[in-house]
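Okay, so chain A shows up in both of these, paired with chain B first and chain C after.
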Partner chain A sequence: MKQLLVRSENCVGCKSCEVACAVAHSQSKTLFGAVLEAQSPRKRVFVETDGTVNFPLQCRQCSDMPCVHACMAGAMHREPATGLVQVNAEKCVGCWMCVMVCPFGAIGESPAHQALKCDRCRELDYNPACVAACPTKALQWVEVDRFAAAGRRSWVEQVKEGNSHA
Partner chain B sequence: MLKTQSIDPAALDMLKKAAADGIETVWDRYEAQQPQCGFGSLGICCRHCIQGPCRIDPFGQGPSRGICGATADVIVARNLLRQVAAGASAHVDHAYDAVEALELAAQGKINYPIADEHKLRAIASGLGLDATGEDLNALALEVVKVAYADMGNHSRKPMQWLTAHAPKERLAVWESLGILPRNPDREIREALHQTTMGMDADPVNLLLAAAKQGLVDGYAGLKLATDMQDILFGTPAPVVTEANLGVLKADYVNLIVHGHVPLLSEKIVHWAKALAGEAEAVGAKGIQVAGVCCTGNEVLMRQGVPLATNYLAQELALVTGAVDAMVVDVQCIMPSLAQVASCYHTELITTMPIVKIPGATHIPFSLERADEAAQEIVRKAIAAYAKRDPRKVRIPDHRSTIMAGFSVEAITGALAQLDAEQPLKPLVDNIANGNILGVVATVGCNNVKVTQDIFHVEMVKELLKNNVLVVATGCSAHALAKAGLMNSEGTGQYAGPTLKAVLSAVGQAAGLGAPLPPVLHMGSCVDNSRIGDLVTAIAAYLGADTSALPVAASAPEPQHEKALSIGTWAVAMGITTHLGVVPPVLGSKQVTELLTDGLTGVIGGKFYVETDPVQAAQGLIADIRAKRQALGLTN
Partner chain C sequence: MKYIVVGNSAAGLFAAEAIREQDSGAEITVLTADSYPSYSRCLTTYYLAGDIPEEGLFLRSAETLEALHLNIRYGCTVTGLDPTERVILTAAGERVPYDKCLIATGASAVPLDVPGSTLPGVFTLRNLEDAQRIKARLAPGRRAVIIGGGLVSLKSAYALLKQGLKVSLIVSSGQILSQMLNEEAAKLIQEHLERHGLEIVLHQDVAEIQESGFRNESLRWRLSPFGQTQDKFFGRTEQESGEKIWENLIAENEIKGGSRIEAVRLRNGKLLPADLVIVGKGVRPNIQPFLDSGLATRQGILVNERLETNLPDVYAAGDVAEAWDRLHQTQRLNPIWPNATMQGRIAGANMAGLHLTYPGAMGMNSVDFFGLRTISAGIVRPPKSPVSENDLNPSSPASPILPTSPTSPAWRVEELRLRDAWGRPNYQRLVWQGELLKGFVLVGNTERAGILTAFIQYGRALSEPVRQTLGSGKRSRAISLKA
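Our next item is the complex of A and B:
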């Protein structure tokens, strides 16, 4: 199963993912259409930085699901078909328990005052727009093992380089 | 992503060959750039100071101001002004070279004889000079003096090239808005200054400054360049030739001229004829010169040189494997040409001090040694012919007959066959009675975001069907030429019934023995001045403001900053100006509103953005009908 994974060392902080995320959650699904919509669409990915490390952060789909457990309305739930944690807008009452327990701060507020978070681009057949928009491949939609394998290869390269300099 | 790269069959054929030959093209690079940056696309990224870069969140959650406090409206307006100023600078630089050429020619210092005495006298007389003298060189120097006086104008008086040629009603409008340019170089400098950090933060003021840059382009760029070039090389008259890559010949030395300024390409055409014997000596049947982009239009209009292709297929011309040399001057030259040329035997030759490309051969061109440089370039092409690999050659068998050369003088000359006293009368009468619904000028580029040529061709077909007369320049003219819209058969096939009748009558009267083409080729991008001259003449004939005329402009596939400055000039002329590609302004609601509606009340014209060709045609027709109605004409 593919996951949204980040090579933070590749992130240049351009925020293209943020714009693409908002567009993906607009009515028109196009940039020029989205900026003209009366209700501006909301992004669900946030490029955070401490000045040295940039990190595009969104819902991590944790398997212990603290947001689901904290939700008293039953709005935050795991969809059986996809296994993804999603918000049911019909049930959310805006109590913000999920916001308080989320360790990543990945849940925000919708214009209708309900919980809002990354839905892995459900309306785009789960092809995350942030990944497509990332010009440096910092954001990846990839199997965990493949991501890790690339990391191992990169580590070997570093070792080799270190040896050749030694 | 595009479904199809082009509607040009020659380009599609060459794209297959490019893939087989492993050649990367503009379409591959466009795909690799996807998705393009949203901030840049909306115009809300500012890099004018190095506290930045700053960008505004278009969806209102992130920053609404840059570090200095500039809002999206300010950033978009500033960026647009810089782009328009850059476009204007390209044309003013072009015009300046042409003025310099006329000066040196008149002084007898260079080998460019004055070709058009009539034009020289007409321009001189229009500038208020005594144009009756015998000594043409002395008269040319008087004209040059006026042009130079504009470039060195240290007073607050407006440019003379503008006041002498612009419609009087427009002059009053521009003066009331405070946008009459004084000195083109000063205005361009001022625009750069005005957009630096800590300067103008009023979007309205910035857009008026952009309108001023449009006037700089229109009169110190386009108009000045065309006038100088007509004097030096002759005013175009109708000429018949062909367009598309099929004009290249397997058994000839093929030499492509690419760029914009005829100072070089005219010499190439001359020396290609003169040195044909040397080509025959290496086994070729002769030398075929063909044009890409506007320098191609220049030598097409005056010398009947065929067109190879337009902007987007410049690399594909080389993919034929049959181009022995491509010589370039300035503007719209893809740096990638060097890489494509290196895959074949083609010599890519740069010539200008401000256009050098690693991998190309640089043969410096100057007015003083123009003949030597041109001979050297032609001989390079002849030498390369011997290295051509026949296995890599495939010339697509596509070309269309075209009639071009429709300068204002040529158009009024044809109309004078119907009414020698008042040549504009037959045209105006036919517009008034509705036989011609109106006139649309299609201009500008290809843009890789649009299937090549489709917008030009589909929109124009719809306009013609509705009896709208179309005039064209630049790469738009190339597109329409390739698609068979610039010959008499095209009139039969595409023009509406009443338009067809008018074109047939004028064609017969002018002794063509066939209708005029449905689209009149008026030249290169700087020759948009010819369209301006025609509109100015019609307005003067009617005693009306240009903004009242049932006339519109369109850049269906714009890519260059020059297209923005030309379009801004057209809007300042009071003309509705369509763009088929969204310019980077949508990040500001205020700027978008001002450009498409808000400034119309004061300036008369507006931008109209529509990305569907048929809907764009219908929008332009609706605009024309509204203007007809306001004039009391039937629809």
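Our next item is the complex of A and C:
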């Protein structure tokens, strides 16, 4: 199963992912169309920075699912087909119990006053727009094994480089 | 393996789902006094407000429930448990055998003990049936009196305001939401609700709920010169007036569903007209059926870190259970939704053979009244508030007893008081014990709430930069624990 994973060292804080996210969740799915829509579309990824480290943060799909357990409407649920935690907009009443327990602060509010979070671009057939928009490949939609392998290669390369400078 | 789950609300449903996840072939029987599939009691006020239809209360779709293959027995009241024979006893006289049993019977609303509190028109709000009965009485312009200042009372008041009723809220203590909020935050919510038309009376109790003067008024009319003339005009005989009329009126009234309430009289003598009274005086665990089964109980059923009771193969979860509280460091009632679901899941998984440890409950809640959001978690009032003058107010409710020793670090409260461009409050209160975050209250901007909750649950010392970032109330989610 593919995961949305982050190489924070690659993130330059350009916020392309935030724009792409909002556009991907607009009616028109185009930037100009999105800007003109009556309800301006909302992003579900947040580029956070402490001045040195940048991090594009969105729902991390926690395995212990605190938001699902806190949801008193049965709206936040794990979809059996995909295994993803999603919001059922038909059930969400906007009580914000999920916001109360999300350890990443990754749940926002929709114009209809409902919980809003990264859905891994369900409408785009699970091809996250943020990943496509990221110019530095800080955001990746990959299998964990491939992500880890790339991490190992980059480590080996750093070691080689270190040795050649020694 | 025969699993019996008693109760089909939050803890019962999540437990049944967890058992099914572990054991696809298990025989799972759910015994419930309810007559509806699992629904959210927390949403009944949203239903009252007209925000959601009745169908919106149900937690799972019919297909999802079907797929769980549960044998759910509605309208089945459990009356006891026999641990030696390993059976559950029901009101119908059945003895239902179990290999593993979960008690998730929840809690019931505490009734009000004043004259008139059993009159029709006086409600508690706990069940869907309660909500249906209340909803049938809602009409714009009617007067409602809500007794109690807790979450159910406030959410009910909000729902009724949205339905156009005139609502008064009577609170014994000096603040609303005293379980959830400190006095300053409560005042912000109170002002906001008052601006939206809620009348809040603090430091006051109800002395009596008075019946409608309908009978008296009618009788007075019939016995007045106008009424007598009318009687003569319609040729009514002597027997039909006076006492006879009185009796007829009583009979007539009872056919129509009994008398109606008219007013609520407060201790100070003031009369508040009321067409409807909702009592929100808290809940107490439904442990009565199990009192002579040998189960260890205090206010609720005591459970260990695996959510087992003292009886073999009997577990308890949810509002009925006193489970470990991670902040108070003792077993304690914590009747809120997230604790019930989490306990249900862990109890269910353990019943099915896993060995999961319950990390502990903590108090927390979230409300949104007319767009003003409030979230609090953990300990909002330090045990001996050395900092905040609010807590020295003798009118505020007593703080819970917390484990303190002469060597434990001092408690400290850190507050931010801001207003946004429209003058709406933006308030943050952090409660620290040394370098540990123990609780918070956010009013207005609540988007950091989950991060603060996670830091409370983290339960370890936070470094100076992290404490500063949290205290500054900045939005940044990029807080490194190593910083």
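Following the convention adopted for this analysis, the second predicted complex is superposed on the first by the 166 of 166 C-alpha atoms of A that agree within 3 Å, B and C clash if a C-alpha of one lies under 4 Å from a C-alpha of the other, contacts with A are read in each partner's own complex, and residues count from 1 in each chain.
We take it that a contact is a pair of C-beta atoms (placed from the backbone, for glycine too) under 8 Å apart; a residue touches a chain by one contact, two chains touch by 3 or more.
Nothing here was measured: the structure is a model prediction, and the numbers come from that model.
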item: Which superposed partner A:R122 touches (first chain B, second chain C, both, neither); value: neither
item: First, second, both or neither for A:R60, with chain B first and chain C second; value: neither
item: Touching partner for A:V19 - first (chain B), second (chain C), both, neither; value: first
item: Partner chain in contact with A:R42 - chain B first, chain C second, else both or neither; value: first
item: First, second, both or neither for A:A34, with chain B first and chain C second; value: first
item: Residue contacts with chain A in the superposition, chain B compared against chain C; value: C
item: Touching partner for A:A132 - first (chain B), second (chain C), both, neither; value: first
item: Chain B residues touching chain A - in the complex, by the definition given at the top; value: 35, 37-39, 41-42, 55, 57-62, 582, 586-587
item: Residue numbers on chain A that touch chain B, as the complex places them; value: 14-16, 18-20, 22-23, 31-32, 34-36, 40-43, 132-133, 135
item: Of chain A, residues touching chain C in the complex; value: 46, 48-50, 53-55, 57, 66, 69-70, 72-74, 91, 93-108
item: Sites on chain C touched by chain A in the complex; value: 10, 14, 40, 42-43, 46, 51-52, 56, 58-60, 337-338, 341-342, 345, 364-368, 373, 375, 377, 446-451, 453-454, 476-480, 483
